[in-house]
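Below, subunit A partners subunit B and then partners subunit C, in two separate complexes.
== the complex of A and B ==
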C-alpha cells in the first residue's frame, strides 16, 4: 500500500490553500461510485421493482402498478412475518440486555476475568452464523445431542420441530452470538463512569444494588440506547441464522420478514411482492432507528457533523 | 448512534487508568455478576467443546457414545473426508472474495475519509458525500439484495466470485469511511499545515502523514470488514449457484445438507472454516476486539 508518488518539491500556488476542497474532491469519487452503484441504486431499484411483476427467470420486467403491494398487503403472511420479526426482536432484547449488563458490570470490575477468560468469552463473535446454526442444529438433536449427553429429560425435546420451542431456539442462538458483543459495549461504558461517583456513594452508605440503580444505570443511558438500537435494528436483518437453523419453520413459525422476502423472491420467483417486503423492511428499520434516537434525546448524527 | 459511544470502545482498548485503579478494592466481589460470568462462559464453551471432540469421533461412535465424552481413539478421518470434499478450493474462494472486497474497500474509504475531513469545510459536495455515507449505514444488505441480483445478472457476473466481491466491497464503505474519518480528523491541523508548507500534494500528505498516523485504525477496520465478508452468507447464496464458486459459509451449509447424517464430518467442516479466524484471534486479540466495536467510535 505504499504507492505514494514522490511529492513535488515546488510549493503549490497559494490559491490552492483557499479552496482546498477542490484538490481533494477526486479522492472521494471511487468510494462514492462504488456505493452509489451497489447501495443507492439498489435502494431505488427495490422500490421500483415493487411496482413490477418480475418473475426472476425472464428478462422482461413488466410494470404492474400496485398489484404487488395489493397482494402483499392482503396476504395474512405479512402480519405474521411482522409479528415473528417483532417477537424475535423483543425476546432477544429482553434476554440479552440484562445478561449483557450484568456481565458488563462484572467484567469491567474484574481485570483477571477480563484478561484470562475473555479470550474464550468472545469466540462466538468470530463464527459465521451459518457455522453457529449448523452446530446448534446438531447439538439440539433430541436423540444424539446435548440433552442425551447430559441426561436431562427437559433438554431432550424436538427443539426445532415445535413452533414455540423453535422461536426460543432462534432467540437463544442469537443471544449466544451477540451477548459477548453487548457485554463489550457495556463494560466499555461502565469503565467511563468516574470512580469518584462510587466513592461518594460508598461514603453515603449506598450498597452495591443501590449504586447500580443510582449511578451505573443512569450513567449508562446512552450506552443502553446504542446497544438496544443495534439489537433491535440488527434483528430485522437476521437471515443467515434463521435460514440455516429453521428455514422459517416449522411451518412458518420463524418466518421473519427477511426470510419471507427470500422465500417469495428466490423460492416462489415473485420478485414484485418480495421487493415490497424489502421496502417494508427498510421502512421499519428506519422508523425504529429514528424512534430510538429520539428516545436518546439528542441527535447523534448532527453532533457527529459538528466537527466538520 | 456513533457519538454516544465515541468513548466506549476506546475504553475497551485503552482503559483510562485514573478512573479504574481503585474501583475493584472499593466494591466487594460482585457475586451475582461473577455467577453470571461463569455460567455464561460455560454456555459459550460447551458447544465449542462439543464441536471439537465430536469432530474427532467416528460416525458410528457418534451414535453410540455419550456426546460429552471425548473419543477414546480420536480419528482424523472426518478432517480427511472434509478436505477431500473440495474444502481447499472453497477456502481459496473465501480468501479471494475477502481480500478482493476488503482491500479495495478500505483503500477507497480511506481516500474518501481523507477528502471528507480535509475538504468538507470548503466543499458542499463533500459534505453531501459524507451525509450519503452516514445514511448508507442504515441500509440493510438484505433489503436491497433483489436489485443487486438483477444488477449482477445485467452485468453478466452471475455465478462468479466478482458477483460476491462488488456488493461486499460497496457495503463495507459507509462504516469504514465513518470510522476512518473520525481518526483522520484527530490528526493535528498543524501537521497538515506543515506538510503543505513543505510543498506536499494532498495525495502525498494522505500517504506520508495521514496513513502512518491512522494505521492502527486502518488495521482495525480491515479486520472488522474482513470478518464480515469472510462470514458472509446471503451474497454467495443468492449470487452464485455452481459448487466451484462457493465460499466457506455456503459450502458449510450445502455440506451439511448433503451429509446431514454424518455429524462428525459436518462439525469437522465447522472447525476447518473457523480455524483461520481463530488463529488470527489468538495472534491479535486486542486488535480484533477493538475491530468488532469499530462502528461505535474510535
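== the complex of A and C ==
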C-alpha cells in the first residue's frame, strides 16, 4: 500500500455527478452491506445446502449433487404446496385490494371523524401475527370458541377442521391484518392526486362514481402495482400465521410452500430438500415481482400528470 | 451467550440452517455445554416435570461442590428445534434430555452421544434398580446410549364416569363394543371420543393400539426392521380401515382435526363432559387434576386399558407409550463434564424425586416403586399404571419416536390425511411403504 506513488488528483468530469457536486454512491453502502450480509450470504448458503443432504445433526455436510432437487421435484407434495400458495395469494389479493382501495378513498378525505377511524383501522397491523393467530384459533374453536359460547348456529362451523373453510379462514385472517397497511398506501396515493382534476371533472358534470373510475383509479395505477407486489410477494412467506392456525392442516389443505419447507427442514431433518424449496420460493418471488413491474408499462418513470 | 442467541433467532429461517452450517465444525468453546467441570443440562419447562427436575439438580449441586449442573429450560417444541440446531453447530449441552428411540438413533448415527454400555457394566447397581423395559428405547444396535429416568407413561383409555352413568353404559372392552356405544353417546349430544387431532401423534396412538391388538407387535416391528411393503400386512390394512370406520361413525369430537393437544382442549372436553372418552398418555391424569377442578376428587375419572379387537392375535395386556425419559451424554463435552454428568446420573430418582413424580400422578421407573404408591391420594390410578406397565407382555414405543425423524414426519403427515378421510387405507400403506428404512 505504502509503496504505491500517490495518484495525481484529477477532478472527475462534471457530467458524472450530474452537476449536483460529489458522488453520492456511498449513501448506498449501509443498505448494500446489510443486504449482502443478511440477504445474499444466507441465500448462497441455502443454495449450497440444496445440493447436500444435511440432516441438521451431523457436523459434516455431505454433498449429494442434485439428489435433493430430484426428490423435491418428483414429490407430489410440491405441486400441491404450490397450488395452495398461489390460491392463498390470489384469494388474499382479491379480498384485500378492493377493500383497501375503498377504505383508502374513505380515509383520504380530510374529515376529523375519518382520521379517528383511520387510527382505529390501523390497530390490527400493530399486533403480532402469532398473537392474532392464537386469538383467532381460540375464537374459532369448535367446542369452546365464539360459536359455542354465544350459541349462534352459523358460527358453529368446523372452521379450521374443514379443508375449504380452513383456507377461507387463513385468507380472512391474513387480510384482516394487512388491509390497514394497504389502506394506508392507497390513502397516500389518493392524496397525491391534484384536486384540480376533480374540480375539472365536477365542472364537466362527472358524478362520484365516474370520478372514481376515471380519475382516482387510473391515477393510482402505480400505487396498485406497489400494493399488489407487496401482497403477492409477501403471501409467499406466510408461515407463522398458517402454522399456528392450522399447522398446514387439516390433512395438507393449507400446507403452503413455506410450511412445507419448515416441515421438511425442521421436522423431518431434510435440510437439502427444504433448501431446494427455499430456492424455489426465492425464484417464484423474484419472477412475480419482475412480472408485476412489467405490468406498469415499459417506462415506470413516465409521468401521469402530463398536460397539467 | 451472544452467539447462541443469534443462532436461536435465525433458526426459524432456512438462513439459520445455513449459518449454523457455516459455524464451527470442530470442538468449540461452546456455551451450551457449560465450562470446566460444569455440565450443561437442558430440559423441558412447565409443570409437572420442571420443579422436580430442577429439585434433583439443586440437591446434586448442593451435595457436589466440584462439578455443578447448569440448567436451561425450554418448551417442548422449542426444545426439539433448539437441540438439533445446537447439535449441528457443535454446541449442545453435556446432558441431553430426550425420548430415546429413533431420535436417539439419529444422534448415535452422527456420533453425537456417548456409548454408556461399559459404564452401566461397571455400575450395575444403577442399572438394576430400574425397570428393564425402560432400557428398550435407550438401546441402539445392542448398545446403551442413554440413562433412563423419570416416569413410565403408558397410553390408556380415560373415560368420564358421570357420562357413562347417565347413559347407563359401561366402558368398552372390545372394539365391537366401541362401535356399538358410539351412536348411543352421539344420540345424547356428547362426543364419544375427545381427540386433539391437529397434533397428529394423538391420532397415531389409536393406530398403535389397533395394529397391536389386531396383529401383535410384529406388525410394526416389521416396519421398524425395514421389511419391504410391511405396511401391506393385512393386520395393518384392517387397523387403518377400522379407524376410518370409527371416524365415519362420528366417533371423534366435531372439529378434532383443528384441536391441538398442547392447548389441553382435548382434556377439557373430557372433564367438562363434552366427550365421553379419550385415549391419551398417563400424564393426562396430572393435567386433569391440575385443570379439571374437582373432577378427579369427585371420582368421575375412569380408566381402562385399550379394548381388544375381535379375532385379533395381539396380547390384550400389551401397551404402548413412553417407557421412560432418557438422558444421554454429549460426545463433544469435556471429560470433566462427562464425569459430572455420570455422577449426576447415579444421584437420579432418589426418594425425594420419586416422591415428587408420584405426587404428579407418575410412576417412577424404579423397581418396587409400587410400595411408595399406597400412601398417595392418587394410589388407585398409580397402581393401575404400575400394573399396566409391569404386566405388559410388550411395551411398545411411540411410532414417531421409534422411527427416524424423516420417516416419522411422513408417517404423521399420512396419519393426518388418513384421519381427514383424504386417503384410503391402501393409499396410506403405499405412501408409507416408500419410506420404509429411510
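Here are a few things to note about the model shown:
What we mean here is this: the second predicted complex is superposed on the first by the 250 of 308 C-alpha atoms of A that agree within 3 Å, B and C clash if a C-alpha of one lies under 4 Å from a C-alpha of the other, contacts with A are read in each partner's own complex, and residues count from 1 in each chain.
Basically, a contact is a pair of C-beta atoms (placed from the backbone, for glycine too) under 8 Å apart; a residue touches a chain by one contact, two chains touch by 3 or more.
Note that the structure is predicted; figures quoted are calculated from it, not measured.
When the two structures are aligned on the shared chain, A:278 is found in touch with subunit B and with subunit C. Judged by the touch definition given at the top, the superposed model places A:144 against both subunit B and subunit C. Residue contacts after overlaying the shared chain place A:159 against subunit C, while subunit B stays out of touching range.
In the superposition on chain A, A:265 contacts both subunit B and subunit C. Once the two structures are overlaid, the count of subunit A residues touched is higher for B than for its counterpart among subunit B and subunit C. By the touch criterion defined above, A:246 reaches subunit C but does not reach subunit B. Once the two complexes are overlaid on the shared chain, A:205 sits clear of subunit B and of subunit C alike. Look at A:60: by the touch rule set out above, it reaches subunit C but stays clear of subunit B.
Using the contact criterion defined above for the overlaid structures, shared-chain residue A:42 touches subunit B and also reaches subunit C.
Common to the subunit B-facing and subunit C-facing surfaces of subunit A are residues 38, 42-43, 45-46, 49, 54, 137, 141, 144, 261, 265-266, 271, 274-275, 278. Residues 13-15, 17-19, 21-22, 25, 81, 84-85, 87-90, 106-107, 109-110, 112, 197-198, 253-260, 265, 268-269, 274, 404-406, 408-410, 413, 416-417, 420, 422 of subunit C are the ones touching subunit A in the complex. The residues of subunit A lying in touch with subunit C in their complex are 38, 42-46, 48-49, 54-61, 137, 140-144, 158-161, 163, 166, 246-247, 249-253, 261, 263-271, 274-275, 278.
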